[in-house]
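After this come two complexes, each holding chain A, first together with chain B and then together with chain C.
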Partner chain A sequence: MLRIKNLNAYYGDVQVLYDVNVEVNDGEIVTILGSNGAGKTSLMKTICGIETRRKGVIEFNGENLINLPAHKLITRGITLTPEGRHLFPELTVRENLLLGAYAINKKINDTYEKVLEMFPRLKERLSQFAGTMSGGEQQMCAIGRALMSNPTFLMLDEPSLGLAPNIVEQVFDIIKKINKENGITVMVVEQNANIALQTADRAYALENGEIKMSGDAKDMLRSPDIQKLYLGL
Partner chain B sequence: MNRLVKFFDGSKNKMILSALFFLVLLLIPIVLRISGYENESYVEGVLILCMMWAAMTLSWDLLMGYMGIWSLAQQVFFGIAAYTSSMMNYYLGMSPWLGFLIAPIVAAVVGGLVAIPVLRLKAAPYIIIATMCLGEIVRLVFTNLVDFTRGELGFWQMEAFDDVFGINMNGADKIPYYYLIFIIFSAITLVCSLIAKSHNGLAMKAIRDSQEAAESLGVNSTEIKIKIFIISAYMAGFCGVFYAHYMKILTPTDMFSQSMMTEFIAMDVFGGIATTRGPVFGAFFLTIIMESLQGLDKYKLLIYAAILMITTLLLPNGVMNSSRTLKLSLLGRLTKHGRTESDIDAEAGNG
Partner chain C sequence: MTVFLQSLINGIISGSYYAVLGIGLTVTWGVLKMINVAHGDFYMLGAYLFYTFSRIAGLPVVPSIIMGVLGVFLVGMLLQRGIIAHALGREAFGNSPFIITLAIGIMLENIAQIIWGENNRGVPYFNETVFEFGGLTMAAQRLIVAAIAFATLIAVMILIKKTRFGWAISATAQDRFSATLMGINTNRIYMVTFGLAVALAAVAGCILAPIYGINPWMGGSVQLKSFVVCIVGGLGSVGGSIVAGILLGIVESFSTQFFGSGWQNVIAYSLVLVMFWVRPEGIFGKKH
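So, the complex of A and B:
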């Protein structure tokens, strides 16, 4: 589905990604691991074309996206949930969800109902300002908003950020459910390697802007290097 | 409690209130004329100012309130349109009515050109500096291009609007001007509230809250920003043309320095940003207060400042957003008491 070849990215003159190669197949959950400053968020932003200058090939279903502006990506079926959720705090939950379908010209009633069914908590809070919800609810709202455009490929940037451990588990259960039941391919960037590897099919480890390791998530979970670097064992 | 929250949300009440407001504005001159009130033209004069500043503040609120672009150059669009229309009249002898056709377009072009550099700036302080400088640059250019703009002397005694449909527009009777600005003001109010309610209105607020997320959802922020800059400048242009041929005096200092802009800020923030009622209320209230304090002369600014400070302290989101402020605090209290497990967990997780 997604093939990234020799991707280099720069903030001004500073290079942040070096010849990154990542492949995501249809129906997979792929996770990108990495510590602080490894370039995880930069990778996500670069794929979307936000903020960075980039060189290389980003092929999505056979189309090269390298010159596609950020706001067009959603029309190809790709949605990003940015790091720190980036909800619109002064808009209501309902408005947040509707904005998720901003670029979609089709009727959205069915999708809207489906999303609310998936997140019953949001249904209770439709007219509440998004900024007044708890962290977990905000993350649900961000994922719900991303699903409003009926994506085929969902990118999540650190969905566990600032959440309590049991909420993190809930969020990852939902990610699994989205993947299995809705058939959406997921790419998730995570610092919490343990839960990410348990959820994902395959994983990449990013360090200083380079891919250092890649493989089956279950194998990675047992790899001594990964255990030492990311799991603190 | 929920019913209370709902009451403050009542958009139907708001519709009725705004319809009533426009009806009253429409009827005031007629009532004054019939009753033979002796200060008729003074009252009309104050209301003309109110409507003009309200229209200006509304046009600026599209940029600042809805999109969070702290552009402090709204008076430039206003001034450029006023000067364009005056110069067309002075040098070419064109009718001021033609000013309405051409000058707002000139202002809109300037607005579009201003948008390009401003778009490259993300943080509010840089936008403020850049747009303030623009005002200064334009002021200095207009002061020093003496052959063209008559410098600090400015333009005065411009022609009034020509008579139309047998209505005398010489200005002795304020009623024609009153209805002229009433039409401009109503049109701008209508356009602003339509934009706010549209698909793009939601996208504008999204850009304000998080441009990154908005773009990832398919909002073309560059396009929307340029469009709104152009629309906003176009609307300010209409007010500028009206001002030129109503006040009949233009100087670079009056038109392009920050003092006028400061009033728009006060009116908008006082009334409540990102609403249609806010800027209108702020403009009317503050203009009327300023006028009614004329008698107190020396203490005028002191009282004005006190009113501004007290209201911003008590109603930080502006007078017309006070229901929202209240709603937020009510909801805050509600969730504090009826806290769910996940809230507590989340707090524990954050700590």
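So, the complex of A and C:
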């Protein structure tokens, strides 16, 4: 589905990604691990074509996206729920969700109903301003908003950020559900390596803008290097 | 009582176009996150274009206004895309919309001077009638100004609150990054919003031209008034600008009535200072 080849990215003249190669196959959950400042968010933004200048190949279903303007990405079936969620704080939950389908010309009633079914919490809070919800609710809203465009490929940047452990588990259960039941391919960036590796099929470790390791998530969970670096064992 | 009523009506009428001017500036701030110190010069440009279409080309009033406003809308979009967006994207310029729009303002004033000369130009009243009832006098021109101003305010509110495009504007204003992810072309939103904002100044320029006359420097005082409205209303707040515009109009009108016209500006700017003191975020602004 997604094939990233020799991706280099820069903020101005400062390079942040070095020859990154990542592949995500249809139906997989892939996780990108990495410590603070490793370049995970930059990788997500670079795939989207936001902020960084980029070189290389980002092939999605056979199309190279490297010259695609960021706002067109959603029309290819790709969405990102960004780090820190980035909801529209002064719009209601309902409006946030509907904006998720802004670029979609088809009828969205079914999708809207499905999203609300998946997140009953949101259904109770449709007319609340998104900025006034709790962190967990905001994360649900962000994921719901991303699903409104009926993506085939969903990227999530640190969905566990700032959430209590039981909420983190809920969020990852939802990610699994989206993947299994809706058939959406998922790429998730996480610092919480434990839960990410338990959820994912495969994993990459990104450090200082380079992919240092990759493999089957279950193997990575047992790798001494990964345990030392990300699992604090 | 008649004096009071007359002042109130005069105030509301001036307030209506202050609001139109202020909204343009506040939307520029809210969406593009930049200050536009050339706002008054687009007001001037609107007046000149109106003058050109109606007096030189001989078109009727309404088409002349439409062409004038449309002209400024296009010039605004062109300048945003061609100059402002590029300049702000460059490291060397730092983040200085102030300098860039100041330059644009000076440029517009000089171009106006070259094309239309320094002398005051005039356009006749749209309608010469003066109404009198119960001791109140009211020129039809002023009523027309208020009617167009209020219609413009309503149109802006509908555009922002009710249309798909308005939605995209709000989303872009609140989070440009997310708006892009939703598939909104935020560069285009920036360009069109800037065009619309200066077109609002042009609306005021066209309808006030018969009353105040036209010269290359007429934008100066308008710029200041627009700032007052923006700051008092709360930067970025459309509703706040409407309230603040009308408030400014009324305050000015009463101060002229009771203290003489010399005090009008002093009192208007005192309003800003008081605002900074008691409620720095403006009437409708949010605290940060």
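In this text, the second predicted complex is superposed on the first by the 233 of 233 C-alpha atoms of A that agree within 3 Å, B and C clash if a C-alpha of one lies under 4 Å from a C-alpha of the other, contacts with A are read in each partner's own complex, and residues count from 1 in each chain.
Here is the rule we use: a residue touches a chain if its C-beta (ideal position, glycine included) is under 8 Å from a C-beta of that chain, and two chains touch if they have at least 3 such contacts.
Note that this is a predicted model, so its numbers are computed, not measured.
Chain B and chain C, once both complexes are superposed via chain A, clash.
Contacts of A:Pro165 after superposition on the shared chain: chain B is touched, whereas chain C is not.
Applying the stated contact rule after C-alpha superposition, one finds that A:Ala217 touches neither chain B nor chain C. Using the contact criterion defined above for the overlaid structures, shared-chain residue A:Gly12 touches chain C, although it does not reach chain B. Looking at the shared chain after the overlay, A:Cys141 reaches neither chain B nor chain C.
In the superposed pair of complexes, A:Phe129 makes contact with chain B only, with no contact to chain C.
When the two complexes are overlaid, the chain among chain B and chain C that reaches more residues of chain A is B.
By the document's definition of touching, both partners, chain B and chain C, reach A:Thr75. The superposed model built on chain A shows that, among 4-12, 22-30, 76-84 or 328-336, the segment of chain B colliding with chain C is 76-84.
On chain A, the surface patch touched by chain B in one complex and by chain C in the other comprises residues 48, 50, 69-75, 79-80, 82, 86-91, 95, 99-100, 102-103, 145, 149.
Interface of chain B with chain A (complex): residues 9, 199, 202-203, 205-206, 208-210, 212-221, 328, 331-332, 335, 340, 342-343, 345-350.
Across the complex, chain A meets chain B through its residues 48, 50-51, 69-75, 79-82, 86-91, 95, 98-100, 102-104, 127-129, 132, 134-137, 145, 149, 162-167. Interface of chain A with chain C (complex): residues 12, 48, 50, 69-75, 79-80, 82, 86-91, 95, 99-100, 102-103, 145, 149. The residues of chain C lying in touch with chain A in their complex are 91, 164, 167-168, 170-171, 174-175, 177-186.
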